[in-house]
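Have a look at the structure that comes next, please.
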Amino acid sequence: MATREELTLKIQDEKRSRNLSWKQIAEGIGPGSPILYTAALLGQMTLTKTEAENAARLLGLTAIEATILTEPPLRGSLPALPPTDPLIYRFHELVQTYGTTWKALIEEEFGDGIMSAIDFDMQIEREPNPKGDRVKINMSGKFLSYKRY
Amino acid sequence: MATREELTLKIQDEKRSRNLSWKQIAEGIGPGSPILYTAALLGQMTLTKTEAENAARLLGLTAIEATILTEPPLRGSLPALPPTDPLIYRFHELVQTYGTTWKALIEEEFGDGIMSAIDFDMQIEREPNPKGDRVKINMSGKFLSYKRY
Amino acid sequence: MATREELTLKIQDEKRSRNLSWKQIAEGIGPGSPILYTAALLGQMTLTKTEAENAARLLGLTAIEATILTEPPLRGSLPALPPTDPLIYRFHELVQTYGTTWKALIEEEFGDGIMSAIDFDMQIEREPNPKGDRVKINMSGKFLSYKRY
Amino acid sequence: MATREELTLKIQDEKRSRNLSWKQIAEGIGPGSPILYTAALLGQMTLTKTEAENAARLLGLTAIEATILTEPPLRGSLPALPPTDPLIYRFHELVQTYGTTWKALIEEEFGDGIMSAIDFDMQIEREPNPKGDRVKINMSGKFLSYKRY
Amino acid sequence: MATREELTLKIQDEKRSRNLSWKQIAEGIGPGSPILYTAALLGQMTLTKTEAENAARLLGLTAIEATILTEPPLRGSLPALPPTDPLIYRFHELVQTYGTTWKALIEEEFGDGIMSAIDFDMQIEREPNPKGDRVKINMSGKFLSYKRY
Amino acid sequence: MATREELTLKIQDEKRSRNLSWKQIAEGIGPGSPILYTAALLGQMTLTKTEAENAARLLGLTAIEATILTEPPLRGSLPALPPTDPLIYRFHELVQTYGTTWKALIEEEFGDGIMSAIDFDMQIEREPNPKGDRVKINMSGKFLSYKRY
Amino acid sequence: MATREELTLKIQDEKRSRNLSWKQIAEGIGPGSPILYTAALLGQMTLTKTEAENAARLLGLTAIEATILTEPPLRGSLPALPPTDPLIYRFHELVQTYGTTWKALIEEEFGDGIMSAIDFDMQIEREPNPKGDRVKINMSGKFLSYKRY
Amino acid sequence: MATREELTLKIQDEKRSRNLSWKQIAEGIGPGSPILYTAALLGQMTLTKTEAENAARLLGLTAIEATILTEPPLRGSLPALPPTDPLIYRFHELVQTYGTTWKALIEEEFGDGIMSAIDFDMQIEREPNPKGDRVKINMSGKFLSYKRY
Amino acid sequence: MATREELTLKIQDEKRSRNLSWKQIAEGIGPGSPILYTAALLGQMTLTKTEAENAARLLGLTAIEATILTEPPLRGSLPALPPTDPLIYRFHELVQTYGTTWKALIEEEFGDGIMSAIDFDMQIEREPNPKGDRVKINMSGKFLSYKRY
Amino acid sequence: MATREELTLKIQDEKRSRNLSWKQIAEGIGPGSPILYTAALLGQMTLTKTEAENAARLLGLTAIEATILTEPPLRGSLPALPPTDPLIYRFHELVQTYGTTWKALIEEEFGDGIMSAIDFDMQIEREPNPKGDRVKINMSGKFLSYKRY
């Protein structure tokens, strides 16, 4: 009767004792995005059956644990709101600072609707910079118009 | 004794009665990013003196109101937490879903530290797509390492 | 510098003094759903330009107020969470009681994803019943699969 | 001294290891609604004695656990408020967006009262659609008038 | 554009300047329960058209204000949760102390369901007692069984 | 080092396996109110030494557990606020709806003070009714005047 | 339609412009405790009719405002919880630190019950001390036993 | 790796099985205040090394547990805010009712500053009274002026 | 009946229209710390009578407003908790990150007690640094030992 | 599958049983700041590989536990917000009292931006003082200007 949180803790332990990086694990799971794979291992996304078997082999998980990785989790990764961890908080701060601006500019361009967080993908890259390297994040989400009925 | 919130309401009213878009206003303010300018007019960023004067001319603001636009605001644009507006909420949801993944991958790449939300810039674009256009957002923030002392 | 909340209060006052029902107002606005039109007048949805002009004529609103009705509002109609009003609370209670069940059954049928609250429509009807009439609500939202990337 | 939450975890584990769907389990429990049965197994509704025995046989539960399934649970399935899981959140968002509209239209049609969440039933169906299948939910709750005394 | 809260404040002022008690007002409104009438004047229940006209005559309210008294209010009378006022808090404390006991005993007697707070009535009386008079409250609510479907 | 919550869980388990009702248990404990006894077994009230011994014999509790039943518990039976369980929530809703009315009418009758929740008693009865039986609750609490000093 | 909060603000203004201390005001109101009188003027306690008239004369209040001072207020003086003001917070801190200790020792001495906050009085004095004067507060509340029924 | 909360639970168990009162334990610990000693055993204050050894002998604690009793705890004894237990809540209610009054009167007497909750002591006594005995609490805290710099 | 918050808004307006810096204002008020003076003008500290008169002359305040500046305010400068403004949040983050460390090291050095926030002073300086200037803050608070009694 | 919290508890236990002070441990770990080292051992900062090995040797930690000490933790040391512990609360109180003042003075000196809590260091010292020794804390954080783009 292990919860998804306990599986996440176990995965972090197995990763630590095998001295693997998230990137190495992602490469062993399949050709998909390391972001998607890491999020799945941290209990926020799902893997396909094959991907989950690869992850299980790599990290010493049981068959039942592999199955759990293919099931939609009860999403929500933050133990507190707003998040107390500074790295995660900065993203929350961007929502605080730019929330109404995003709303104004996206609605001006697209009309009344939202950027989907489901039909959504993302990349994270290191952007070399002489004044100090930068974290570059590209997000892309389908625009969904409010249906008129 | 007008508050910054009241100035934001006035700016939205002046924009509405002049039938201006945020993009048109931004072009009239200066060569900077329309995101930065919109955020400033919505009470979350600052304008330079010249930019504020341009904004005041365009929107019929007083000199004192132009001055207020150059002062650092008490930031925080969300009237509720988590945000109730669906467009803004989707960004909050991304933080909920991907928060721990961002932490894992950025720390793996850069070490212990954060992506700055201050030395930070952003673009928003329409990405044409036959299945439905997409909102594309590029963010770039300087990585800051925890100082060891 | 009227806020959307004040416009909602005004609309309720104009409706009251003209002794109009929401259904009568909806019929005067256009052929769309009375639910959509009522939600727009209560500050949660948008009207088209023509619909807003009809609403303005019917309720004695100014041109600027008609414009506001065409703009995406900062959505969120509940002054407290959970809602204190018993009629609204019962819907909240359904989410409390059936939330995990909806998740289990929709995911079993459709896979990992959500029912859209944007590409969404709804009807409300009276269902005559000898033991006491019933409120019948039909909802339909597009299923959106999590994008794999 | 197992809590109802632990029984729910066990049921999910037994279901997983038997490779059963909620629909299959529901068919094995009785002729009632799979929604009602799933909600009961997830700790939000009750089963009859016979239904509970069927469930116990199907899922390898003890007699005492079958008894627990016939007892009214302390309802409330959401570990956070508002719910962090996107599928469940969309229902919460509907309450946020349409709460006051439901109140206005139901009261206009029925008078002062509520739609019962107790004398209530529901169906969930897949609605095929060339632009993407839709989740269709039909709810029906008895209207209850405020008693005048 | 007066809100219901402002109407409640006005009613309390008019009552004060006319030196009327709630009981006297209730007698002037109609033959119904003074509890129901007081709750309506405090913005939590509705009056019939005749009752509202009587209330208006008694308290110097306008016709539009009388109309408002016949409309279902957005219920919820507590400015804070838990309530800070000691008299009201004691009732909250009873729910805290006896909540699970009520659940256990009502379900044992009636089965799975609730006591309605809608099909509900109540009396408040002074109970003379040599050790100090007591407040006696009798409540009666229809039992509603969870519908099986 | 068992907590009171664990003792409550154990009592519910023992009751279940002995197939006893709360009423039967109460009769075995003593001549007092079944409400008081049930509340004590659920961790909100205290039993006398004799009553606790009777309860222990009936439910197979240890001597130390019987002692715990005689000690004032850290009261508060609701795991969430407002309560998520519908049966308990309806009582909370009554406080929300009638809180200010109770205050107005009790103070009008008794002056400035409160109805005690300590010098307090209560009965719960089934009230037969052709339209559906009703739950009848009678409460009686001593009125306490604010001391003037 | 002034609220009690506005009356409190007015009283503080009148006190300031008359250059009166709370003690001087209390002496002008009557022979009762300055604590009780100050609390009444700050919207937490009630005055008798005579006391209220004295207060009105002293502070230039209207007859209707004097009446309000005789009515039980909706108690609760803290604009935030926990209180942000350091002087008030220290009392909250005492409840945090000593809450369970008070419970243990009072129950050991008196049995199961509470110290009344209604049949309650208090004195505040300056206690001269060479290391720095001390604030001395004496509280006395009637012990109330839980009624057994 | 026991937490302080677990030590508190153990102490309560040891006290119970030895049939000791807090007063008896306090007398066995040393000549200090039983309030201070009880608070220390409940995890809110510290004992000296000698006092802790006495407590350990009396209650059958280990040497390491005695050490823990000499360490400053992470203070805060309330599992919920506001406290749900009625005895403790009444103290919270006093802060709610009298908070601004204490601030007004202490500042009038002493100037801008606070009553220390650190350089603080307290006694609790039974005050015999024919109308019912009273709980008498005397508090004394050093007044601390805000430093001017 | 102006509140302290309104006075703070007025002071910020007067400062803006006079084009004064906080430092210039502080120099005009007296020889004390500009931090203390700024905090007083922002509604968190008090000025002496002379200082307040200087501030009033400089900023065009009334005599009554000068008086208010000498009165202890209801302290608490943050409109939200945790603070949403990034500059202020970073200080909150330090408390989050270093709170338990401060507790461990101060208690190890000084024993059980606290650093006073009342007998407290502070300086803020610019620390030139080739990699980017730094904000240097020196705090000094009297250590207060828990009184043993 | 130990969590970081459990490692922190273990470290405190090992420190206690070895009778070591935080300063002694810090000296054994390396030449860095004892604040940084203590924060790392309390789960808020990271150690280098060498430092972690030294800590492990000193405190009897396993190799895997040493590894955990080199990994960025999910920061946030406060179990409640605001913190209930008086020593930690005083720092929170400083943020409450001085938050807007820090914002005003730092922005006046440096322009729009923040003091970094990442490129940050700190010292804590005892400041001898005849009236009672003082805790002296020096903080230094790099000023970061909002990027204009």
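Which chain is which? They are A, B, C, D, E, F, G, H, I and J, in the order written, and residues in each are numbered from 1.
One rule holds for everything that comes next: contacts are C-beta pairs under 8 Å (C-beta built on N, C-alpha and C of every residue); 3 or more make two chains touch, one makes a residue touch a chain.
Protein names from UniProt, one per chain: A, B, C, D, E, F, G, H, I, J = Cyanate hydratase.
Computed from a predicted model, the values in this text were never measured in an experiment.
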| item | value |
| --- | --- |
| Smallest count of steps, each to a touching chain, taking chain E (Cyanate hydratase) to chain H (Cyanate hydratase) | 1 |
| Minimum number of chain-to-chain contact steps, chain F (Cyanate hydratase) to chain I (Cyanate hydratase) | 2 |
| Over-half contact-pair match to D-F, picked out of the listed pairs F-H, E-H or I-J | F-H |
| Furthest chain, CA centroid comparison against chain H (Cyanate hydratase) | C |
| Inter-centroid spacing, chain G (Cyanate hydratase) versus chain A (Cyanate hydratase) (mean Cα positions, whole Å) | 53 |
| Whole-Å gap separating chain A (Cyanate hydratase) and chain I (Cyanate hydratase), where each centre is the average of the chain's CA atoms | 41 |
| Chain C (Cyanate hydratase) and chain J (Cyanate hydratase), separation of their C-alpha mean positions in angstrom | 49 |
| Centre-to-centre distance between chain J (Cyanate hydratase) and chain H (Cyanate hydratase) (centres being mean Cα positions), rounded to whole Å | 29 |
| Where chain A (Cyanate hydratase) touches two or more other chains at once, by residue number | 35, 45, 72, 74-76, 78, 82-87, 93, 96-97, 100, 103, 107, 113-114, 116-118, 120, 122, 144 |
| Which chain pairs touch, all of them | A-B, A-C, A-D, A-I, A-J, B-C, B-D, B-I, B-J, C-D, C-E, C-F, D-E, D-F, E-F, E-G, E-H, F-G, F-H, G-H, G-I, G-J, H-I, H-J, I-J |
| In the complex, chain G (Cyanate hydratase) residues that touch chain I (Cyanate hydratase) | 6, 9-10, 13, 16-17, 79-80, 83-87 |
| Partner chain C (Cyanate hydratase), residues of chain F (Cyanate hydratase) touching it in the complex | 82, 84, 86, 89, 93, 96-97 |
| Chain D (Cyanate hydratase)-touching residues of chain A (Cyanate hydratase), taken from the complex the two chains share | 1, 3, 64, 67-68, 71-72, 74-76, 78, 117-118 |
| Touch list for chain H (Cyanate hydratase) against partner chain I (Cyanate hydratase), complex | 32-33, 35-36, 45-46, 72, 74, 100, 103, 107, 112-114, 116, 118-122, 144-149 |
| For the chain G (Cyanate hydratase) and chain H (Cyanate hydratase) complex, residues of the former touching the latter | 21-23, 34-35, 38-39, 42, 44-45, 75-78, 81-83, 85-88, 90-110, 113-117, 120, 122, 124, 126-127, 129, 131-144 |
